[in-house]
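Shared between the two complexes below is chain A, which pairs with chain B and chain C, respectively.
Here is the complex of A and B:
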């Protein structure tokens, strides 16, 4: 794909995202569905920063997603009804956990890394599940809503205006993906690619591989946390399922479905996944089986993902 | 107090034995094929429900014997048609596939056998407490411990004394060389997978007698099994056994002093082990990538 094509693709994607509220309704969807796609896409793209561009498989990203969700929710409920502060607290909580866990696992690789991230993901699930008095346990944390954002000049009433909340979410999405894109183009990002392609060679070149993987893990978790905080605000609700392993698996399948090796792939994957899940769960009680079947079929017949296949067609 | 503590330690040992039984199966598959079998809990549930269905025809003992074998059979088919195409690719794909299978198994058992949990009948004489002072020492629990010991002993005998076992262990170290020496590696992986699933099925039947049957029975046991493998050390079966028992006893003891941290304690242990020995307690450097 040449530079012109890539620029066209970027313009097309941003146009589609910016006009979403206008065509989503016409296609029979609803605004929240679009917001959900954007938020989960941010999460999947952050995961892909680690998975697709550093070549490290984390299967526990829901933990940081959910922690940030709880952080944001609890800030509004217990501390102060300020949406921006809630997002900030959420991101800080998720990132702090990622720094600690990342430090513990930075030396592990491959299957081992994946397994440890799965297991660590569950710690926070159990804490949220068990600590009834603070987190609401299995019933989740209710009794709070996202608050209007007061920017001094204007007041954004995201509490009642779903469209406005979509655009606020999109702004955060743009911020997150923008930073990741810049990082990937920087020498740091190129170093991550080098580690993905050949870790041993990268090590011989004097690159501190462990530190880079740790850093990449933390950066990825910062934006997953951002997505988690936004997701809590979208639902006005948090429960332990936000940080369970099936949520982590969903992020991974979104990245794979869209195409791990492309920057926008996870966005495509998230869109397909969210719409499909929404449709199937409205049609049948056994939606779990269909999602499972979907996983199996993608792995067996579609491992490169949508964008991976398109890219192959365009530039063989 | 001592009685209570003893009760919880014993409970922890039993739970730990479960974790170990499951984790050993997972470990076998992981070591030889590099597949993290997320569906292991699903296989466990299938084993339990198969025993439940077979019991009216075969009785308790018949079901105990046949159900794990049938489960292993399902495992062989799954390996042959779904997992075999993924060898040699990024471990991500087999992980995702078994992840999807776990969804299907859980939902499938719910669809076939219902979402409500059902009791699993164990012969009455096995349920009698063996002593009045140590009321918790029922025959069934003791029987379970013995059976787990027999299963684990049998597994280690297979691995050290039979040709299949030696090949599995050799394959864990260097599969390419084993293949070059003329061993049918595809068959080896297939049988090894079946062996692992057999252990899951057996754990399922035993768990059914103790916890009752519900579709989520496997899901609740799989995470501790992962922790057991990590604590014990990847690539080491004795390590896995040790890890399972350790986290079982640790969470048993925690139940006495701080019940709400029952699950959390094993993850704390995992963190501590990773900090001191990143390869796990009995894991060796560079055995598994």
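Here is the complex of A and C:
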């Protein structure tokens, strides 16, 4: 895909995202659905920073997503009703956990890395599940809502205005994906690509591979944490399933479904996933088997994901 | 001046002694060949020098500093680059992109998180210079994985060169190549040695290449040093002929 095509794709995607509240309703959707797509897309794109652009599969990203969700929720519930502070605390909590876990597992590769990320994720899940007095346990953490953001000049009433909350979410999405896009075009980003393409060669070009994988893991977790904090705010609720392994699996499915070799692939994957889930779950309780079937078909016949198909069509 | 000094290194894998008490001293500007029959421990010896794994015993000094326990990537940063018997490149990237990464690493940019047009121009100029040196300018935008074996190998050597090493380790640079490709790679290695005064240690199977290029030759057999000397001395050595050259002829 040449530079012009890429620019067109970017313009198209941002136009669609910016106008979403206007066409979503017309298509029979609702605002929260769009907000959910944007948040989960941010999570899947963050995962893909590590998976698609560093070549390292984490199957435990929900841990940091969920930790940030709890961090944000608890800040509002127990500390102070400040939404921006809640997001900041959430991101810091998720990132701190990622720094520790990433440091411990950076020498593992392939399926071992993936397995240990699941294991650490489950540790956090069980803590959230058991620690009733603080986390609310299985019932989840309720009794709080996202608060209006007071910027001094204006007050953004995201508590009651769903459209406004969508645009605030989109701003955070733009910040997160923008930073990741810049990083991927930098010399540091190219060292990650080098590790993905050939780890041995990367090492013998003088790149300390473990340290760069650790950095990539942490960067990826910063933005999955941001997504987690926003997801808590969207639902005004957190429960332990936010950080369970099947949520991690959903992020991987979104990334692979959309195409993990393309920057926007996971966004497409998240949109398909969320819309399918929303539509099919209103028809049958077995919505997951349909998503699973769809996923298997895509992986079997279009291993480069949905965006991979479109690219092939566009390519001369 | 001594660039590399390997002192009595051994490496065991279980009960197998792959490298047995080998010493090697390489002067700056020298081109040293390491030869020996299959299974003589040549590649294991290279892996010890480059830090792929540490020796069981012995020490390795590079520019006077003890690097025996220094990890591979740090040795590269200290000025030691290597190629592999089975070419290690980025097959799904273009030749240009393959070269761009080591050029940026060599410029100390590996942690630089921001793109920069001005810097990219300097990088591109250096990449063009390297492309010309490797005779790869016309293929710069092709994916390396699609190029013939000889071009892939040239790319790997030039990538190592992009790191501005003071010691270049080449593991069988002409392995699996036809006559023309062997000739081209030999010319490239000679150009780096004579033109850039680069110190090179190479493992080689092709005797014509070795006797053509090397200042001195070390012969390994069953993990130990069998002989060491100039190409003329090695060619005349009866033990070498018995162990190695005799088998070839």
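The definition used in the following text is that the second predicted complex is superposed on the first by the 312 of 316 C-alpha atoms of A that agree within 3 Å, B and C clash if a C-alpha of one lies under 4 Å from a C-alpha of the other, contacts with A are read in each partner's own complex, and residues count from 1 in each chain.
Simple rule for what comes next: a residue touches a chain if its C-beta (ideal position, glycine included) is under 8 Å from a C-beta of that chain, and two chains touch if they have at least 3 such contacts.
Owing to the predicted nature of the structure, the values given are computational and were not obtained by experimental measurement.
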Partner chain in contact with A:201 - chain B first, chain C second, else both or neither: second
Touching partner for A:275 - first (chain B), second (chain C), both, neither: neither
Partner chain in contact with A:156 - chain B first, chain C second, else both or neither: neither
Partner chain(s) touched by A:164 [first = chain B, second = chain C, both, neither]: neither
Partner chain(s) touched by A:256 [first = chain B, second = chain C, both, neither]: first
Chain B versus chain C as contact partner of A:298, first or second or both or neither: first
Dominant toucher of chain A (residue count), chain B or chain C: B
Partner chain(s) touched by A:107 [first = chain B, second = chain C, both, neither]: first
Touching both chain C and chain B, counted on chain A across the two superposed complexes: none
Chain A - residues contacting chain B, complex: 51, 57, 59, 104-105, 107-112, 114-116, 118-120, 122-123, 126-127, 130-131, 245-246, 249, 252-253, 256, 286, 288-289, 291-296, 298-300, 303
Chain C residues within the chain A interface of the complex: 50, 71-74, 76-77, 81-82, 84, 88-93, 97, 100-102, 104-106, 109-115, 159-160, 163
Contacting residues of chain A [partner chain C, same complex]: 182-183, 185-188, 190-191, 193-194, 197-198, 200-209, 212
For the chain B and chain A complex, residues of the former touching the latter: 30, 34, 36, 82, 85-86, 89-97, 99-104, 106-108, 111, 223, 226-227, 229-230, 234, 260-261, 263-264, 267-268, 270-271, 274-275, 278, 288-289
